[in-house]
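One structure is given below, encoded as structure tokens.
As written, the chain order gives the labels A, B and C, with residue 1 at the start of each chain.
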Amino acid sequence: MSLISAPVPRVRRMTLRRRRQLAGFLFALPAIALVVGFIGVPIGQAVYYSFTQWNGLTSKWIGTSTWTQAFHNSNLWTALQNNALLLLAVPFALGLPLCIAALLHQRVAGWRIFRSIYFLPTAISWVVLGLVAERFFAYQGTLNSIIHALGLSSVTTNMLGYESTALSALGITFVFTMIGTNTMLFLTGLATLDPTLEEAARIDGASRWQIFRSITLPHLSRFIQLAFVMTVIALFSALFSLIFVMTGGGPGYATTTMEFLIYQTGFNQGDFGTAALYGLILFVLTGIVGVVQLRLIGSNE
Amino acid sequence: MTTLLTPPNDTERAEAPAPLSRPAKRKFGRWVLFVVMVAVAVVMLYPFWVMIVTSLKSEAQFLSGGGFSWLSWKSLSATIPIGQEVLSSTIVCSASILIILLVGLPAGFAFSKLRFRTSTAVFLVIVSAMMVPLQAILMPEFVNVTRLGLTGGYAGAVLVYAALGTPFSVFLFTTYFRGVPDELIEAGIVDGLGYVGVMWRLVVPMAVPAIATVTVLQFIQIWDDLLVGLLFIQNTSERPITVGLAVLAAGRTTSIPALMAGSLISALPAMLVYLGFQRYLVKGLTMGIDR
Amino acid sequence: MAEITFDAVTKIFGDDIRAVDELSLHVADGEFMVLVGPSGCGKTTALRMLAGLEDITAGTISIGGAVVNNVLPKDRDVAMVFQNYALYPHMSVERNIGFALKVRGDSKSEVKRKVGEAASILHLNDFLDRRPKALSGGQRQRVAMGRAIVRSPRAFLMDEPLSNLDAKLRVEMRLEIARIQRLLGVATVYVTHDQVEAMTMGDRVAVLRDGKLQQVDTPQDLYDRPANDFVAGFMGSPPMNLIRCHARAGDDRVKIIIGDQTVELPWSYTSSHDLPASGLDVVVGVRPEDVIITDATSPNTLKTRVERREALGAEILVHLSRVDAVADASTNALGARGDLSRPAVLVAKMGPRVKIDVGDVLSVQISPEHAHFFDATTGLTLRRR
């Protein structure tokens, strides 16, 4: 055995495992930093500032009086109520896309084109959709034109002008905006379903409806779960754009939801502290919905 | 009586009624389906219809009811600083997406292949950040970014967009990379690459569908976003298009046809991006769900 | 100089899973060493430690005389062929093969030349532009080999490269790999669970079980002189018959008591084996080809009954059970094939044209020179080395 060796190989002090773990940590660091810095830290701050009177520049600790004041503020309750009412739109925002996805899944001629068309509105900003919706529901808008054309002139509406109907108009628009994404999601889900399961069931004599209920739906439950969470999150945050453009929160506070209230309280009224508190409430609400749906679907399985 | 081992007698089978002619029934069903889908398509395309029709009027024509004119289009850039705003949107979108990818890809690789001791917990924390509504952190975020001096131009908004988009991209990339066989990475290591080399030269080129998915979805989200652009880009000259349109609309003084024209232009890039990357979208989403 | 040495190498996963237990092995430069054993025996783990893909818990591995425990894979100068080929899907065959060279920094012309050479050896010249997904399994396997040989490494490491191929291709590739290895003269460590591959390809074969080395020898020696009953039963197909019984040595003969039958082997095992006259519980091993079927008048026969018959074309395998025996589970040392009738004790190999039917009663003899004796408790051979 000769002592003349090849160039000395780099000897590492670290084991492979350590080396890999260190690399993993470093690779994940930027993401962690970004998320913690821009999402984690603000949440903590929101908690802190909710106890203060804060105008964005200076803060004065006033303890829980922000909280008590806030809960006495009727606007908060109106906003919460509005959010709750809008939750009624969620079943539609899930059910309609489900039907449409099922239709698309039948692969009727030209279904790919239809799929693209159905998803197209998703690409449009909610601001723009809000503008169009505003035209639709306005007094001189399209809805009324249709009603006139159908000869039901007596039923003309000014949905956005009345407190009682404005929220419904908002809800309908919301459902429309969610159709695109949710349909795509459900379609993906249907595409991942193993066709041999369906065929086996059909051979065993199951009807279309039975197949749908016992095979398709359970497989889709994961997707429905995801769609539900995404829809609710959109309801609690993205809706802002629609409100901003369609109604500005009005008439009165009829269409002011939590997400809009936060903006209003903070930037129009300059009360950052209360706005931070509202933000927290919104966060907790979202969390509750998320947990509830986990339990619900969990118990189903 | 029939048991498992003795086949049933023919006479024991019930009389089945003759079914309706199958092919005809199916064909009729297909046609009904088709009509329904066309109807849905009409509803879906309605906003475009409205935008196109309304924009092809002058303001006067719009208010009075009828008419057709290119006026609103011709004077568009006079009414709305459209070119500038589109440029702003492009800059913001590109910068944000770039950061999201540069941050998300290594993280995805780390969480799927380079596990470290607390990586599962950290991963869950990052992914659950997806559930935080922007408004919940809006106030502190705004104050922080202002204190850092980043609210004038693009920088602040870009960072916020990047932070908001990171959880989803990390989630998607991690899931996608989990499907890459470990052997491939080991082959790269035996061939002489370090982890950085393995990631950029092997794993990322294989992740094109996932990258496309993230790009499309984030592009649509950022381009169409209102709130962040509204608050974090205070220089009116650097305003993105969506914000521009919203502000004008809320003011309720701008010509509606002009707004519709602007809306069409605003809608165009996102639509093109979507149509261009469609194929990858379905593939990428499937990966994300299959966990 | 690229000899490989494992010195008491141990790998422990988690707290208590000993995947490799004090493995000591030496592979000479240019030698083709096969690591064989059932799933979970630690052969792949040992290979991966050699490659540098797993940490070594204890012991040292040396390549070319230098300890490489903490040396990165790329600095060990070894090439690996993976079970699922691990070809880079987004690169052409040419780029796949040349990748390691590129990483190493070889010039473009060098890379092209070497890739061309490797492609010629493996007959891949027509496929250089294709992507892996456009290749058949056998072609992919060859690309994986090409990737390994192009680096002129100090050692080849192969992890069950043939297990994903169909039977016919496997036979072809076996010869190919052996040919190439001989051509290049590089030390090779080859992992497989298939003892046929081990027998036909290896210069020497190391049999592993539960992380421990059982025996390392040339294929023929493993076959003829197994060190314990596990190796005896593992090498060879169909496997060696292993019968638990009691043996007593005399002057010139060994008395074997199987159940209630006694067979005498008129052969002097006593000098070559450690068989006490007082008797010992042993496992007697007889290969199917060494079970001789005679007539009832011959001496020292075992009375058996045909339970099953497998005609393989070139030969017939008969599965025999003991006659006048109560179904005795303990006589069959390593797993009886359960039948609805009686458990078979012996498998005998016969010529293709012998007329034998299920139910026939046969008398069999154990070929005297070809019996193996193993201690029933330890499993170790009783043959004196």
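Details
One rule holds in what follows: a residue touches a chain if its C-beta (ideal position, glycine included) is under 8 Å from a C-beta of that chain, and two chains touch if they have at least 3 such contacts.
Here the structure is a predicted model, which means the values were calculated and not measured.
The most distant chain from chain A, with centres taken as the mean of CA atoms, is C.
Should one ask which of A-B and B-C has more C-beta pairs in contact, the pair is A-B.
Comparing chain C-alpha centroids with the centroid of the full set of protein C-alpha atoms picks out B as the closest. The mean-CA centres of chain A and chain C are about 59 angstrom from one another, to the nearest whole unit.
Rounded to a whole number, the gap between the C-alpha centres of chain A and chain B is 13 angstrom. Note: centroid distance chain B to chain C, computed from Cα atoms, is 55 Å. Of all residues in chain B, none touches two or more other chains.
Listed for chain C are residues 52-53, each touching two or more other chains.
Contact residues on chain B toward chain A in their complex (touch as defined above): 30, 33-34, 36-37, 40-41, 44-48, 50-51, 54, 99, 102-104, 106-107, 109-111, 113-117, 119, 122, 125-126, 129-144, 146, 159-160, 162-164, 166-167, 170, 195, 199, 220, 223-227, 231, 242, 245-246, 249-250, 256, 259-260, 263, 266-267, 270-271, 273-275, 278, 281-282, 285-286, 289-290. Those residues of chain C that touch chain B in the shared complex are 51-53, 73-74, 78-80, 82-84, 86, 88-90, 99-100, 103-104, 147. On the side of chain C, the complex with chain A involves touching residues 1, 52-55, 64-66, 68, 70-72, 75-77. Taken in their complex, chain A has these residues touching chain B: 20-28, 30-32, 34-35, 37-43, 45-46, 49, 54, 56, 100, 103-104, 106, 108-109, 111, 114, 116-132, 134-136, 142, 179-180, 184-185, 187-189, 191-192, 222-223, 226, 229, 233, 236-237, 240-241, 244-245, 248, 258-259, 262-263, 266-267, 272, 275-276, 278-280, 282-283, 286-287, 290.
Every residue of chain B that touches chain C in the complex is listed here, in rising order: 181, 183-184, 186-193, 197, 202, 205-206.
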